[in-house]
């Protein structure tokens, strides 16, 4: 039930809105909380906050949000005013949202800082919806494709107090992958380098309670005709358990559990990219296909 | 997924049929498979066989069934013909049932021997229904209240090849509780001594995958307004994990997992009844109320 | 693996040091990291930091520590200088500790703010010790007996930025129990009111990975002759799973999992004390004995 | 705790006896029960029966044993006397063994029928050894490499009452793989076709409690320098969860959980071999390398 103070929600484009909504509600067990202006708001059902919003047409991420207090949001707004970035108030723009400030990263993806109306802590016996037992607990993190990865990382460090938990660099020091945290979880947002500006998302990850629930969900996916792309196994970076598949609407989805928590003084882990077969998994096993390492949506 | 060759199904009376059906389908996640002559047939959804049938009016057990091959059923029918017991063929009398032979125990409860049409083995990715992740896998066992406990035990031993796995006796050797197996699970049918001929059932038990799933189901019960009577903990007899509550329609229900399996040559465990506070649990903890030890439905 | 930024360690008195060390190493699977001046330092083995220190003679808690950065510790030291409390530097006083500041609560129990040398994040495949699979992951929280509960709570709120997550009060508003957090977990330190100044500890809690691991540990405790006092079940306050027993050396121990995380803006939950049978558990079941509610060490 | 009446034990050759014993005791947590005539007998520690015996030199399987009652063993001995197979009594030849009859399969591998002295049922709180929490519960099954696969299968069917649960055949009907059961578990012994008479073993499998325990054991393997060859995932045939690695001494080991149970009347599943990438896993994911499908020890 470690559900809060990390990635709060995200808005994602899907190639087929109704088919995607059906899958997220029927297979994932999410609740449809609201529809406004063509956006469908879905929640995991432990509280009234939405976790994932879907829009019709295309693929990839439109914005993602970190949850803060109103005072913290105001303070960041003042700091962002000193940058050249495009900054907007989005108070009340989404269901359950109170304060909101949105800013565009150098690569063009929007980050939002929000406070929410429902601030309860999650208690399994007091869930707001009639949840499937194996449903995701929460949105866990997001991993973006960026054609300006170093600028994006620097922006989040300099203006929004994110820290780099782990990174993979070339021998010349240029960044290939970066995992960044705002709170205590190893990463709220990761970045994968791309040359294709049309790609914005490597994957979006849902938090599951345990490896056993990832198992139950893989059974459920197979029953509904979805096959995994890679996993399950345990990641080297972040130590979280994972399984990946291409979900409805054209985006890659990760099932995640046991993400590590870090202290503010934990040092950044840096690895130099090697031509190894499988540095993605701590356990070994069959390596992912090259497409997994390079392709997003 | 160890689901077969133990208690196959049971028929139970409930004080309010529709309320009970709603609870078993909405909260337990069972599937309504059929309705015939006022009997509602419910299944756990991994295959097409029914697990629990409900009838309107009263409480307690009407009959329970063990699954066998047609040849085994015929052989038992011939053996039972030599007793004075009331023996009937019930071929095809219930949904999915092929052969059937039913016989009354000395206490009046009916035992049925059945073969079924759907003999597949259970594969989680090939479940026949869209199951809740935390739903019961199967009916696990039944524990009866008997005013003729020694006669019932002897009948099952002598004519149907049941073995006593564990028993609790008075100092004079008279039986207080008995746990009996037909297959390899520690008990398919247990017996608790009563002086009240109106009581037939101590509890009916559903098999859950793990202690974690018992946890999820306790959360679910609390969300729906049901509180536990006793547990969760681990039993001394059978080593299974347990949690008890009074379900809809007036019968006690057990959530069970990790029932031990026995070999044919495992000796019967005999304990003399003592005035101890908690011999029910291997872990200790708050003991059950006296009502738990004595009262059925 | 959500192990950091909550209770960092505690020092506890035990009636028999060697017997207690044997139990914590053999049964709990903790590592003995160091012995200095009669104090034995034990760690859970995922990193090199100690979690529990034991001293010979008596029972109860001597001090507990919260982990911070050096800069945070310095800032709190300056704030504490404005109070009348006894404040001391304890830099390097314990194994693996760097900065340290210790201050006495009104009831006399010491709170320590520490930074540590080993700031890695926990990765199961990189544990520093050869851990038992079911061993505790970390110290989880501490629950103190206080004869100055309202003063203790006010001190932690006013000078060390703790928040009250939940509390139980009398009808006149006086505090019976309080659960306080410094980071994001529902409680790092709880308080139970007592009239007995000799009692300082209600229980010390270890974090387990899951309800399944609590099960395995209850099996292990039974195998080694320890019986539970109460549980397992799920708490109303904090939503964590629990099981309690009296450990070696005369102190109550809790096995805990799934502690809720809160946001800074989550409101305090207040309940008025009632004569209910079981408000401790969200699931019901057999209530705890009165001794559980009132007696510490 | 479903531990009995399937594969009882096996004897395996290893290239380095002491290194292998160290790994099986230190990493797997098995107990060394006895050494006789160069054979080391190891047990999982829930009862006093041995599960795996190791001999120095070479790789592969020497014999495997199924547990029966004395009367059943005598009956099979009489039936086997009518064949041309080499049949021997092995009463008391191994630690804890009572009756024993051994016979050679057409491919040369020995099958043993045994009864044992310790017939208790497994109770986690009454384990005979101080077990690691994540240690295997029991030997689960064995998968043999056979250069006479159809003759081996026919022998086990005709003379020892094994049934084929699933098989994979060529288009011409010749057998590629076969999974056979004597009791109720989907397979006690599997067979993989080979042209190399020097290979006898595809893998030996240990039973783990759950997918979560497979996870813990994969963490433990990584900590000790072992990397997985394939998995974890869920098998199509048998529905069991799996993870494979090359263990010490040159043999492949499977970690297994949730093996399906079958009824005597469950029909054999037959699949025709296809050039598909991954029919091994129900979930998809990265397929195994060709070596996994063809190479044994």
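A, B, C and D are the chain letters, set down in written order, and residue numbers restart from 1 in every chain.
Just so we're on the same page, contacts are C-beta pairs under 8 Å (C-beta built on N, C-alpha and C of every residue); 3 or more make two chains touch, one makes a residue touch a chain.
No experiment lies behind these values; they were computed from the predicted model shown.
Fewest steps needed to get from chain B to chain C, stepping only to touching chains, is 1.
The interface with the greater number of C-beta contacts, when A-D is set against C-D, is A-D.
Of all chains, the one whose Cα centroid sits at the greatest distance from that of chain D is C. Computed centre separation for the pair chain B/chain D is 32 angstrom, with centres defined by C-alpha atoms.
Annotation: 45 Å between the Cα-based centres of chain C and chain D. For chain D, the set of residues that touch two or more other chains comprises 124-125, 210, 212, 219, 222, 234, 282-283. Taken as a contact graph, the chains are fully connected, with every chain touching every other chain. Interface of chain B with chain C (complex): residues 210-212, 215, 218-219, 221-222, 227-234, 241, 243, 245, 282-289.
Per the touch definition, chain D reaches chain B in the complex via residues 1-5, 67, 69-70, 115, 119-125, 165, 183-184, 186, 210, 212, 234, 239, 258-267, 282-283. Listed in rising order, the residues of chain B touching chain A in the complex are 26, 124-127, 130, 132-135, 210, 212-213, 216-217, 219-220, 222-223.
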